[in-house]
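Structures follow.
Two complexes are shown next, each including chain A; its partner changes from chain B in the first to chain C in the second.
After this line comes the complex of A and B, so read on.
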């Protein structure tokens, strides 16, 4: 630390305001949330301290909670599985397209659209054919009538329909991130590799992939945390229905806090979500640190 | 090396926490916006001789500028401000759902606006129990305001002898039907539930969508279900009996209601994918002539009158189920109501304004053709004022009301209500055993008691 030629006082002066702000808008709400998780409270009237009862109910006696955790984790798995695809698209764009910026921007377009718009758009696409649903009409036309269904209200497929929309929306986002990463890899490395006889996919495997690991890590973390928080899209498209079939942790938390008026219980769910996010981030970082060390 | 480790962990931790906080904050974010519409502390020491400047915050659920109720509200407010120059009314107009959410967050920090909107009975009870509202017993007597309200309507807003809110509406559940589509389908208005199921089948066979519903908003299906239950129970009071411990949800009347509703659903009454249609989308199917029947509260009259099917619509009372029940007993929907914050900094001024507002409400609503289903008595000739035949029929139906039940969420606690709503929504996507549905209700009721 002595490398820095600034006094500790100066450092404090610059860091403190930010730290204070951060404490106020991040740490204190989390602590308050944790505390509310210990209360039996409807959010309005008197509260009663019940210790860990909310957490016990949550983990042992809530028929909606564990399925919603499973759906959330599935969401995360799907979003992370998308990143290799995004990387592949980015590699193709970088290699075979002369002026890739236009394509990258158009893939990115869904990301800047509001989730509400995306939700309404796909709701219309998923509608039953009788209501003008595009997907079902398409299936009808190509003779796959047996596959038509009401995608958002059939409990067995509704959640997958939602995953797909999220993947569709964020493919461009991850493609952009990966694309930027790839462009930062110096061209002379590839030239050297070509002399050594590594071209195309082989070069990608040995150069692009390892050199891009820090960027992949960013994508993975963003995808993971983003899907744990998936809320708006589910809310717009199904509201967690039909009959909890598409509830994720965050929508369950919302329903409990504001519809069932169990604010304390909702806070317990929030606390659980914080813990999952923390663990996941630590694990992802640990894995990637090892990977990075291996390749650097 | 060691330092960098610690540093990395710190960064990792903060990143995780900050990102996680966003997730955890979904429920809490409205907290940040609260208080923006709070008035200043002006006019604390209010003396009647020397009126000080007062700003009254008026939270309401008439945000749509084209809505007659919005126009009417603006008119009354403007009149009042003209007559009382020292009073400024600040409108905080929100959608119903937004308003419910905002009020809950405001209530959590005891910062309820001077005037706000609540729903009757069980829904407003938590707020009353928390002592957030001022009793209006004295205020409602002033200028004869109490006598403008319909008989018995204020009871839904009265707790332990204290009146806490003044309703803007009083509605009943009924079936709207499209006469043109009924003619095309060659069917008559059903007089029993069994006939209704037959009508559904006939219409379906002729390619006409029999009924519309917006079951993404789960209360719509619940409202219909409760009307079936009102019939199979042979009269009102089933939920009250459950709460009094006299009966359980596993009662035959409840099972029969579940089975009856399922028979309607299985006959194909509702549009495909009904659970992805919200209230507005469901209503639109009917309002654009794409569905033949629509079960809804009489508040829908206004939006049907301004839609393209106006003039082709008739109404009928919800029929008997298996010969049980009385069609003159209705699902009652005492409307949302205005309440005054107990902590208001200028309680007297606020009471005075609300008194004026409610006194002028009926005649102003009548002028903008919004007087069907309001909670007060209206003087005036509806027909001469240009109300449609359907509106006249609805008004006539009000005269036949011989009692009935409130919606589920106005009777039961929110915890049980949510389980009920999802359970009924489930019937719209899959066939269930009535006993399972009953058990689900009973378990939820017992764990939320």
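After this line comes the complex of A and C, so read on.
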């Protein structure tokens, strides 16, 4: 080890600016937020310490909270269910397409667009036919008038309309990640498997899948954490409405603190969200570490 | 479907003709599937482009795949003039570039110290950054708003640039320090023998070598910050300071019945990123994968 030996002052000069900004903007607010969860406070006036009352209300006495948790988890389940599809598409691209990069980057295009643009685009697509909505016009055209509806204001389908947009936007991302993973699997492994009689799907089951486990883990973590934090898209498209039918944990938090001015209560929800995110990351890592050990 | 399954059933290698026919049918199915996916991923964007060139009558007529009878460029002039497009564009450009410079500067300094210095807390600092990657940004919105209000910087560009830099640092430090750790130490040793100071080593040796990961950091920062909406919408209220996504949002809510102009504004909003993607698709996809994998 020939790492540079330098004075404490130099180290400070290099690290401190970055660390200081980071701590002030990310960690201190989170700690403030954890503490404010214990207050009855509207964010401006007098605050009153109420102990765990906010958390108790949240868990036992909030008609919006548990449904929003359920929708958040459903969001995560749908996003993770997309990953096998993406893996399958990646396998097909790798095996059947000579120059796959064009297709991969086309699938990826929606990923780099702002959620506001994606959200407004799909809002326009979901509009009633009388407002120029493409989906309903399409259904009318093929004779499925009975299926037309206002996709974002009908509480029974609004949430599914949102899930779909998220899946649509991120399919290309997971496909790209899985595709890159597959390309990094050495070709001679497949060659050896072919000699042993494993080709096609069989080779994918015994080689591609186990070799790609670390990459699948990355996709799962991204999908899971991304869904727990799903926020912008819901905010832009429905704001949690109609009548809380599309509220997820984070939009509930936002609406509570910024619209209902229950700052303490909103902070309690935020604290809950932070804890779930940390727990989820630990659990996913634990599960995959076991899986990776089994296959390596 | 039945005929198909019998053909797909595994054939003996001896029946070469049969197997090649089976193969071509599978191949055809795969192409159809990938083609459908291509259409579902890109058609909505093409539809938007057509929509933006139509007048209200054409949009409402229900014939959504028809080409516009005569392109309504008026929609675009409406969007640009009454929508303040160029102002939002400039604001986005300004905020994103300042953030990029800030991230590169702070993250490369910190990464250099974490990966090349001999000191006890290097790994601890790295760990602090890593933990931060799991913290949901939304949870900081409220406390930050109160802090910024007390500092008197709410509703300035600074109030979004500071959190943008902070939230981009963990991934950037992770990418940069990972790269810098792998640079051979002999390079520095000879520099030290030649009498180069620590800042000189950083500026003239480490930075030039680290250009590729810095590109990755730039790409990730650009995509994330250029598209960021919720912080901008929370911390900024004055029309003059809005960035593009926020501008798109307010335009859409103000001009709710001028459908064509809304479409035009969405196209204009997407245009900068799409243009850059056309030029740098390979670099951007590689950068995004690197960001995901390192994250």
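Just so it is clear, the second predicted complex is superposed on the first by the 269 of 296 C-alpha atoms of A that agree within 3 Å, B and C clash if a C-alpha of one lies under 4 Å from a C-alpha of the other, contacts with A are read in each partner's own complex, and residues count from 1 in each chain.
The working rule: a residue touches a chain if its C-beta (ideal position, glycine included) is under 8 Å from a C-beta of that chain, and two chains touch if they have at least 3 such contacts.
Just so it is clear, the model here is predicted, and its values are computed rather than measured.
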| item | value |
| --- | --- |
| Partner chain(s) touched by A:225 [first = chain B, second = chain C, both, neither] | both |
| Partner chain(s) touched by A:180 [first = chain B, second = chain C, both, neither] | second |
| Per-residue contact with chain A, leading partner among chain C and chain B | C |
| Touched partner set for A:59, first chain B, second chain C, both or neither | neither |
| Partner chain(s) touched by A:274 [first = chain B, second = chain C, both, neither] | both |
| Touching partner for A:193 - first (chain B), second (chain C), both, neither | neither |
| Contacts of A:18 with chain B and chain C, given as first, second, both or neither | second |
| Partner chain in contact with A:258 - chain B first, chain C second, else both or neither | both |
| Contacts of A:153 with chain B and chain C, given as first, second, both or neither | first |
| First, second, both or neither for A:266, with chain B first and chain C second | both |
| Chain B and chain C contact sites that coincide on chain A, given as residue numbers | 1, 22, 26-27, 29-30, 33, 43, 130-131, 221, 225, 228-229, 231, 250, 253-254, 257-258, 263, 266, 270-271, 273-274, 277-278, 281 |
| Interface residues, chain B side, partner chain A - complex | 3, 8, 12-28, 100-101, 104-105, 107-108, 126-127, 129-130, 132, 216, 218, 271-276, 414-415, 417-418, 422-423, 425-426, 428-430 |
| Partner chain A, residues of chain C touching it in the complex | 27, 30-31, 33-34, 37-38, 40-42, 44-45, 47-48, 51, 56, 59-60, 62-64, 106-107, 109-110, 112-114, 116-119, 125, 128-129, 132, 134-144, 146-147, 162-163, 165-167, 169-170, 173, 185, 188-189, 192, 198, 201, 223, 226-230, 234, 244-246, 248-249, 252, 259, 262-263, 266, 269-270, 273-274, 277, 281-282, 284-285, 288-289, 292-293, 295 |
| Complex contact set, residues of chain A against chain B | 1, 22, 26-27, 29-30, 33, 42-46, 123, 126-128, 130-131, 150, 152-155, 221, 225, 228-229, 231, 237-239, 241-245, 250, 253-255, 257-263, 266, 270-271, 273-274, 276-278, 280-282, 285, 289 |
| Residue ranges of chain A in contact with chain C within the complex | 1-6, 8, 10-11, 14-15, 17-19, 21-30, 32-33, 36, 43, 89, 92-93, 96-97, 101, 103-117, 120-122, 124-125, 129-132, 134, 137-138, 140-141, 168, 171-173, 176-177, 180, 215, 218-219, 221-222, 225, 228-229, 231-232, 235-236, 250, 253-254, 257-258, 263, 266-267, 270-271, 273-274, 277-278, 281 |
